[in-house]
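Next come two complexes, and both contain chain A; in the first it sits with chain B, in the second with chain C.
Now for the complex of A and B:
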């Protein structure tokens, strides 16, 4: 492989790579604003200017293709002078409203000002004033004074979202971005511009002024909005999710996620409609009860039905671990083969960027875990039919709403003699339930999902429930999370009394007299590995942050 | 002295007159030779670009790929927006057919089938004049498909006039191409250079109007003849646009290497009131200014001016007499580049405004000597760090003016000199043909 020398270190590069790319591959970051690995090169910020021997002027590392023997200096006096110059220029007209800017703490301009500038300004003139607080789209706010005209947002719309909504207008230091006449920044991926905007010019309208970045913890997870399973980070303060951001995974979602996933998949976690502790219907009302009472009641009532009178519906919203135990519970404890899960397919949601028609994160996982009818067992449609016919008398429903599968079922649910539901939030199905177990959400537990490609990915607890031990679960902490101090953010927020489905089923099975010993999701996973050939050799560490591709016969459930 | 670009022939802009004087015979001659031969002759003639950088024209043409499945283009740069520069419009007005003939020869040489003449939007009049000449040339078969018949060749090309929308930056060659493509006039990051990746991603050559107008005589009279005119390293004649404090402002076609003082005192009639010269900008507002006491013996060609500490640029000579307020001049120049910066890259976008603001403050009497150092550092921080040469265009006048007139500027910020209002000199002239008479 050809080599270049950066600051005295010889590094290999791939033919055609630019200096900035070659450096990045070797862990050397050349400061940059406008360059983004997934966008075309615009070369406008000039932050990446470097000295290259034998070249008359400094060159921009983002646009200069590496060539054999090139000698690059990223720390030479000339390079540093140019970088300081760019920083000074960027700051002269910048409003410096860091104290009230959402970007503060994760702002490239702040970071570089700290790392690469002389720390003082010689500018004593009046700054250029521009529009502030512009609603540039339904989900994004724009502050023109903070904009450094890097064009990342414009290029994102053109090249990734493939919906050219943004452009520059005016000239010189009056330049600003705007939408084309009659357009709004409202493409289904519009909020990614907030992430890639190096400064606080574009902000998330939903998250605006909710928290300082350093006050939040962030936890690697997976979006549950569709079967793409975009890799995300969950941002939490005071035990409340405040925002989701995409996490880079080149095999799944690159640097992006869709606005639906970003906005519509976390608010239920802290919602008023959460089921908090188990409930049993008494005299027509769902009444809060203890876990033990709920387990005893569920076990004793389930025992009264014949195998053919019971059906179990697992969930493509729940993890593999949950579904594995759903399957095991149905087969081994209840002895029924009437087992399936509900599909949530919406072709109008799909596009050729990220979004998939399957609106759940784990259909492939539910299938692989054996959540499907056994021989002579009933599938979802048949279960519903049998409920209507009165043949199925007891339904065990996991983390889903059966009315979404068939709205007509509403009138028949009352006919059921027993409806047990695991639910994070009260829904139409819990209205008819006899026993409701409060399910922990994807943001409150460990586990795995299998996306539409057959990729196994991990989720982790980001929000604490009453029973989650945040030390044991290795939960992320923010800068202010000091155990036991007044800054202990975890002690402040609301904690729900909810448990992961796998855990609920473990306790319930034991109420049936079995001896399930799973203490952690990982214990369930270890058993899955030994019984499901596709998972052979895997563990949570191997899955890691980016997941592993499984070899499945069938990859797209739809 | 023989004039090559603006000959003293009455009604030369008319096709019949142009033809009477051998018009379009150079094209006929060129089409009988190989395109490589033409490039070779232009190379040997030593013709250098008249658009500012004085780049060797034949060499530029030779960068065009010989084998490519993409179409090739020629862009003729008539954006002429540099303050102090007003020579290309004389060609549009007085010698449009020689430009057209130069274009078809150039297209033949580089293998282009389409050429664009990009003319600044403010030149309404000259756009009409040029369009009229082009229409006549088309009608007579000197441009377009009818060329095949007229010249008895397989080769033909089309020429379009593209009107600019009022931005200096669109004279920068890559911004010009974006502008033709209907995009924002943003200069492109180079490399890739236009010969590889130009207009619509295809190989493209960009030349100035005056450069191209020199081509037919080179073909007709031979490269040796051209190479022998003026300074050997920058041969030919140059159109010098003289403005400012001179008695006879205007465009003078003179051999390269003519003394700057000759141009000012003999051709342009000297300084009104016989005042002393304080400052001369020899090549358009973006070139380094010379002190009045630096101009003696300076020859007007690229190499000599470089040696004298400036550059030939577009040959726009701006003369300022001893009563000129140089701070105001510099503030006005800085205002221009601030106004015209496209705003794409950081140093120019932010730096040009800063320069203007400092200078405005100096005019208002709120400056100090340390501001002079600041002006120079800001200019240095722009220079060499930008996408296009507008960065230098904005930095050089400031840097060199302040450096070369340091004593003057120091006294000025200390309010030790008081100045009368600068003279206002208008260099607009009347056109040869009243525009109303042009029929389409």
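Now for the complex of A and C:
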């Protein structure tokens, strides 16, 4: 492999790589604004200037292809002076906005001003004023004064979202970003520009001003919006999710996620409609009861039905651990083969960027865990048909709404003798339920999902529940979480009385007299590993933050 | 220690006759007592009489209310971040005003506050300053959390401190 020398270190590079890429691969960061690993090179910010021996002038590291024997200096007096000059230039018209800017704390310009600027400006004239608070699209706000004209947002729309909506207009210090006439920044991936904008020029209209970045904890997780399973971070303050951001995983979602996933997959966690503690229907009303009462009631009523009168519906929204125990519970405890889960397919959602037609995160997982009809057992359509015919008298429904599979079933649900539902939020099915168990959401539990590629990925709890303590469980802690007491209003965020489905089923099975010993999701996973050949040799540490690719025979449930 | 006992020994040995008979020393002491009895009083009869501290005094932190009736604070959260006692909670929100951000909620927990003045020092807007108010007594924890209603103080009442800050900060 050819080699270049950066700051005295000899490093190998791949033919065709630029200096900045070669440096990045070896953990050397060359300051940059406009360069992004997944976008074309535009070379307009000049922040990445470096000195290359035998070249007459400084060169930009993002656009200069590395060649054998090149000697690069990123810390020489000349480069440092150049960087400082670029910073001073960029800051000439940049407003002193940090106190009111949402980017503060995660702003490249702010960071570089500390690292690479001497902090003095010789500019005494009036700064150029431009439009602030422009609604450049339905989900993104634009502040023209803060823009440093790096063109990352333009290139993102052109190259990644494949929907050219943005462009530069005017020149010199008047240059600004605008949408093409009659257009809005409204492509399904528009909010990624908020992440890649190195300054606070483009902000998330939904999250704006909700919290300072340094007040939130962030937890690695997976988006549940579709079977792509984009890697994300969940940002939480005071036990409330405030935003989701994409997390880099080259095998799944690169640096991106879609706006639907970013906006529509977390608000239910802290919503008013959450089921808080178990409920039993008494005299037509769902009444809050204790866990023990709910388990005893569920066990005693389930016992009164014959195997063929019961059906169990698992969930592609639930984790593999949950579904593994759903399957075990149906087969071993209830002894029924009427077992399946509901598919949520919408071809209009899919595109050839990230979005997939399967709107659940874990269809492959549910299937691999054995949530499918046994021999002579009924599948979902047949279960629904049998409910209508009155053959199925008891339904155990996990984390889903059966009315989405067949709206006509509404009238028949009331006729069921027993409907038990695990639900995070009250929905149309819980309206008819006799017993409702409050299910922990994906943001409140450990577990794994298998995405459409057959990639096994982990989710982790970001929001604490009554029984899952943030500190004891080793969850991410913000500064406020660490030092808050029960007397601090900013530490009294809502905690729901909800449990993961695998945990509910463990207690319920034990109410049937079995001896399930799962204490953690990991215990369930370890058992899965020993009984499912596809998972052989895996554990939570191996899956890690980026997941592992499984070798599945069939890689499409649809 | 050794030094003290040495000097004591030395003094005992060095006492003069008049000192040894003691009476003139008593007279001297009493003279001092009488002198102080007739001197003007120093004690302040608080709370009938109030102590008005100098501008350098750090009483409870308050928010500056402009003459227009708007707070200066832009809810940047820096005071909350710097506060070593985690006394300050700020919730920002959007406004139509020129500075697009304002504190929807601003609370200082006076049981946490240690009157260090760091919030005042860090504030980019000169929006939180240390007042002269030192009268803080609560009968329960909830009362000790001061919201915007108690914190907002007209700028006219804070002139002293603001001038002091501009001169010395």
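Rule of thumb we're sticking to: the second predicted complex is superposed on the first by the 548 of 558 C-alpha atoms of A that agree within 3 Å, B and C clash if a C-alpha of one lies under 4 Å from a C-alpha of the other, contacts with A are read in each partner's own complex, and residues count from 1 in each chain.
Heads up, the rule we're going with is that a residue touches a chain if its C-beta (ideal position, glycine included) is under 8 Å from a C-beta of that chain, and two chains touch if they have at least 3 such contacts.
Computed from a predicted structure; not experimentally measured.
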Touching partner for A:214 - first (chain B), second (chain C), both, neither: second
Which of chain B and chain C A:5 touches, first, second, both or neither: neither
Larger contact residue set on chain A - chain B or chain C: B
Chain B versus chain C as contact partner of A:98, first or second or both or neither: second
Touched partner set for A:543, first chain B, second chain C, both or neither: neither
Contacts of A:133 with chain B and chain C, given as first, second, both or neither: second
Shared contact residues on chain A - chain B and chain C: none
Footprint of chain A on chain B - complex, ascending: 167, 169, 184, 189, 338-347, 349-354, 357-358, 361, 374, 381, 384-387
Chain C partner contacts - residues on chain A that touch it in the complex: 98-100, 104, 132-133, 208-210, 212, 214-215, 480, 483-484, 487-490
Footprint of chain B on chain A - complex, ascending: 41-47, 49, 57-58, 60, 63, 81-82, 85-86, 88-90, 92-93, 122-123, 125-126, 128, 148-149, 167-168, 170-175
Contact footprint of chain A on chain C as seen in their complex: 74-78, 80-81, 86, 89, 92-94, 99-101, 107, 109, 124-125, 141, 145
